[in-house]
Amino acid sequence: MSEKVGVYICHCGTNIAKTVDVEDVAVWAGDQPDVEIARDYKFMCSSLGQDLIEEDIKEKGLTRVVVAACSPHMHEKTFRTACERGGLNPFLFEMVNVREHNSWTTDDREAATKKAKALVNGAVERVIYHQELEMMPLEINPNTLVVGGGIAGISASLELADAGYHVYLVEREPSIGGHMAQLDKTFPTLDCSACILTPRMVEVGQHPNITLLTWSEVENVEGYLGNFTVTVRKKARYINEEHCTGCGICIEKCPFKVTDDVFEAGLSTRKVIYRPFPQAVPKYPVIDTENCVYFLRGKCKACQIFCPTEPNSIDFEQQDEFLNIDVGNIILATGYDLFDVSKIPQYGYGRLANVFTSLEFERLVNAAGPTSGNIVLRDMETPPDKVAIVHCVGSRDENYHKYCSKVCCMYSLKFAHLVHERLPDAEVYNCYIDMRTPGKGYEEFYNRLLEEGTHFIRGKVADITDSARTDEEEGKLIVQVNDTLIDKQRRIPVDMVILSPAMEARYDSRKITQLFRMGCDFDGFFVERHPKLDPVATMTEGIYIAGACQGPKDIPDSVSQGAAAAARVAGLIARGTVYIEPVRASIIEEQCSGCRICNNLCPYNAIIFNEDKEVSEIITALCQGCGTCVAACPSAAITGAHFTNDQLMSQIEGILWDVGKGLESIKKVESVAEIGD
Amino acid sequence: MAKKPTFSKEIANLLYASHGNPIVSCIQCGTCSGTCPVAEYMDHSPRRLIAMINADLKEEVLESNTFWFCASCYHCTVRCPSGIDIAELMYAVKRYSIWKHQYKEGLVGPVFSETFVKTIFRSGRSYEPILAPSYIFSRGVRKMFEEAHTATNLMLKGRIPVLPSRIERIENLQRVIGRIIPTGGSS
Amino acid sequence: MTEQYEPIIVGFLCNWCSYRAADLAGTSRLHYAPNLRVIRVMCSGRVDPQFVLKALRQGADGVMIAGCHPGECHYVEGNIKALRRFLLLKQMLRQLGIEKERVQLVWASASEGIILADAINRMTEEVRALGPLRWQDSVIGANGHKEGETVQDAPVPEEV
Amino acid sequence: MKQYALYPGCSLEKIAQSYRVSAIETSRAMGVELKEIDDWNCCGATAYFHVDELLSYTLVARNLAIAEKENLDFVAPCSACYKNAYFTKKYLNQDPELAEHINYALEEDNLHFTGNIAVKHLIEVFVQDLGVEQIRDKVSNPLEGLRVAPYYGCQIVRPRKDHEDVEEPQFFEDLISAMGAEPVDYPNKVRCCGGSLIITSRVAALSLVRVLLQSAVDSNAMVIATACPLCQVNLECYQEQVNQEFGTEYSIPILYFTQILGLSLGIPAKRLGIGTELVSTKEVLTYAQKKENDL
């Protein structure tokens, strides 16, 4: 099987040429069998380099091309298009990685050149067995699934819906809004969080292109880019959404209250049938079955009795629904959790009443909160006259989270401002390690706080205790901190302490990554395709991420990531069809013995058994081309396009050419043998 | 010819056995100095001492009393967000200062440690009467009476050993010590 | 400088994780032993035990199969299948008298360039210590075949 | 009869004799025998590390090697000895060259360190090996109403050995409630007592002792229970100097946990070495005698 192979070795400036003797490799490659022409060139990926390939294909009638340069993840596409322009099927091409895997990893010029020759030889042997393949068209379903109804999810959904595409927005809580709905003001503009959020939520609620599925979770995801089938469990609200007008009488009449640990962060109560907050979207309440007397002991039904609608909207027999949704792309915007501050016992949260977390303080200071905006201590009456705000609780700490959570400095400044505003003669102490104000108008906000007379202490708080040593400390919380700028250990007596905890990945983020088959890092945040150039895409085609689920970030970044993910998806939908690698498996019917070993091997259930023909068959559309079945087939009846057994076997032979035939390596072997025996 | 190691490199080498991160990873956050129970008695806080070591201020470091006031309670070590074994660092600086016989005037610590080591070399076990009083005399008459008062109370309760207790195989122990420090012990 | 024995190790790296880890090791200019020759496969599950035997027969002194950490495979469980086959292959290699350090399975995710570089260095030293495999005498010869006898490829092992 | 190799440490010879006596008595009552290691040497406490680290490990390794000869777990009543022994064993197991070098030195006393015995603090023997339930069953004379401040000190819990809670440990409180007494919420229970600073920097140590005493008074404890001779001496013998230095009138009895446990097990005070304290412990004994009068 003789082919005319063109071999091109790239200098890549000095990146390769510095350690690999490219001329020698080119000359050596020139006189290998099947090699028609072998050249070395300064920059193969430059247009001149590509023209070299084009002209050689046309003039020399090359039938195969091998380029030894950087990683295929960098320029495989460039050289494939060059082959195509030369009239050669792009898959009759093989790339050899002699830069990342070779020249950059050693200074040993002789070893690097020897390795380069071996890899090139392997590629030449392999490329001879390459077959012509065509890119596979894939229809993109225009619907999109957005998981998570926080500000990032809302932005993504609105962008796509306004672009005219249909969006399914799935939210685990009874209402969308996420953590932002709990905040009072936002930095640095001090806009009221609800004022800027609720209009967006209403827009989502009323948008014809958005199907809102709250109090729902994704149970299962099948399929691939363009054709995902998602099973969503719509948990029973025990409210009939068609009839309910959202009047709220049922909430009023419900005689039972429970502490609201989710929305009110445990600071106040909610009824057993409840809406998380007045501006909730959708407006339908939901029954908390764990505490509802009817579900526990079968009595009460007060909500049903007082419900004014005809027919009655309360439906105790309602069951969870399972919906199957077909979408083309998925955007994950699942948000974050707050670090559990009780993990740092020396800060006394839980033991000392007046130590609050930032979320608790947000609810305290919120006009719609339990104290309608009055900053008071845990007894819900006495306002504090001295407040300490502790930065970096659980962040920048090897024992908890090594990373900086990016937003705590700014919202701690916001808290200081709110205390000054509500309690003009209160003293505020912010204990920080570094004041990080990297955004637009952020540093100015910090200056504003300095002018407002906040005491900034540069030092991380060591511990918070109520065991006083002097009368002045009696009955107060004492914040012990080393003020590093004056190198004094200070004990500051205060009435209230606010802890700014780290932003953590969701507790179940690992489960989500398995569900959607993409990756998460050691801390549990989702892994983007490229940290700098591709932050909203993931390694899995068709799955995009936005907001705090990808890493700690503030609202403006979450909104822009939401919009970015939406733009990526909109781009795919607009193209309608996407061409993907033809790397797929296929079964040669005659050779298949029907042993069915491959049937349960495929994670995508792409292999089915044809009963009458008694052979297995592969649904090419479902196959992702991993090749596991190809390797498992005992009678080699399954072949994997572009990674066939012949191709790989010949590549193995090729890269070990110098061991099999080459003399000097055997000489080396003999000399060792003598010493050895 | 290898460069002469800087002071901070020397201290870092002394820390090779300690199992924390190197002191260059200190972010100067002040948790150690906020936690330290005796920080107010130190002329430089542990945090500042680390900064001075990293800045190779050898004289000022050896002149400070910080590491002599360290009670080795390890509270800083367990809380350090950069995982530095700060108590171990204080031990290392003490060892460096004793080897170089370079420490602040009038400190009781160094003399106490050297005497302690000599007692062990001689009898294998420590003997309170030698250790305690010989330093209190150097601190003024009033302190001497207070200490004598406490010592007599303890004597009355039979809690002060009269004879120093020796271990039987003291020669073996001395030879064992000799194999570690060839100069026949640090006497 | 005496002529030191340089083992040759064939590395089957999976496209999504270990191949990118090797790329990352390159871009961060981590120097590691140049003895590994990489063959790219879409998933570690694609590595057929025959490839390993083929490489050893062709004169390789060691084979490394590198995939994603369990639970992180781009194709869900390709790496688990590779692990299953590897456990069986290890038994067979032991029976053939091949030292177990010669064929290794390594997990390295796309961000773990250092871990892969260390694994390559470690394996190179281990195989260097074992010396060349010399498949002909240590495997064929030791199993009773006379010198020069041509041996057909072993029948394909039944995938259990 | 479970056996342990007891490493008493220099303080238990004289100044903390009552700790040794009460330890042996209470462990025998609980069916545990503390067999003293023969010809042990000083563990270097904190002072030795100031001079030479390698030599400090050697001194401790010698004691461990002697205990290994009898193949019994190494038990140290004093926190400083416990910390030194625990970490010497850990570092020697981790660093074979270090172990080899030290074993070379130990040959002079024909000893060899292998590190295959466990190293425990005396309180761990009661709280973990025996367990709080078993102790509660054995308590024949529960000290109802006696409010005890559980004082851990520093080197029992720190530096972190393996993931235990170094800020809010609870095992001492459980032990005290097993004795029938009432553990008070003692906020400074893991703060340091000053240790050897009592000699090298007296004022600093006295201020630490004062904080601990004041905090015990605030939690209206009647007695502070400790598990380390250094802490006992600092807290008790220097109370008088604290009062002189800071003009306070503290007079809080400081007892070893083995003494209080002994009382609750019905062992007479005399055999627990109670009576050698500088601060009177009569009030505490009234809670122990109460049982005998009712009999």
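Quick notes
For reference, chains read A, B, C and D in written order, and residue numbers begin at 1 within each chain.
Everything below uses one rule, namely that a contact is a pair of C-beta atoms (placed from the backbone, for glycine too) under 8 Å apart; a residue touches a chain by one contact, two chains touch by 3 or more.
Keep in mind that what you see is a predicted model, and the values were worked out from it rather than measured.
Annotation of chain C and chain D: jointly contacted by A, touch as defined at the top.
Counting steps between touching chains, the shortest path from chain B to chain C takes 2.
In terms of C-beta pairs in contact, the better-connected of the chain pairs A-B and B-D is B-D. Per-chain CA centroids place chain A at a distance of 51 Å from chain D. One finds 22 Å separating the Cα centroids of chain B and chain D.
Each chain gets one centre point, the mean of its Cα atoms, and the points for chain A and chain C are 32 Å apart.
Across the assembly, chain B contributes no residue that touches 2 or more other chains. Multi-chain contact residues of chain C, defined as those touching 2 or more other chains: none present. Counting partner chains per residue, chain D shows two or more touched chains at residues 211. A complete list of chain pairs in contact reads A-B, A-C, A-D, B-D.
Residues of chain A touching chain B in their complex: 346, 392, 396-399, 433, 458-463, 480-484, 487, 489.
Every residue of chain D that touches chain A in the complex is listed here, in rising order: 165, 167-168, 187-188, 211, 214-215, 218. Touching chain A in their complex are the following residues of chain C: 3, 5-6, 8, 10, 16, 19-20, 22-23, 25-27, 29-32, 34, 37-43, 45-51, 54-55, 58-60, 71-72, 74-78, 81, 85, 109-111, 117, 131-132, 134, 156, 158-159.
Of all residues in chain A, those touching chain C in their complex are 71-73, 97, 99-102, 104-108, 111-112, 115, 118-119, 122, 510, 514, 517, 519, 521, 527, 539-540, 583, 597, 601, 603-604, 624-628, 630-632, 634-636, 640, 643, 645, 648-649, 651-653, 655-656, 659-660, 665, 668-669, 671-673, 676.
Contact residues on chain B toward chain A in their complex (touch as defined above): 21, 27-36, 39-40, 44-45, 47-48, 79-83.
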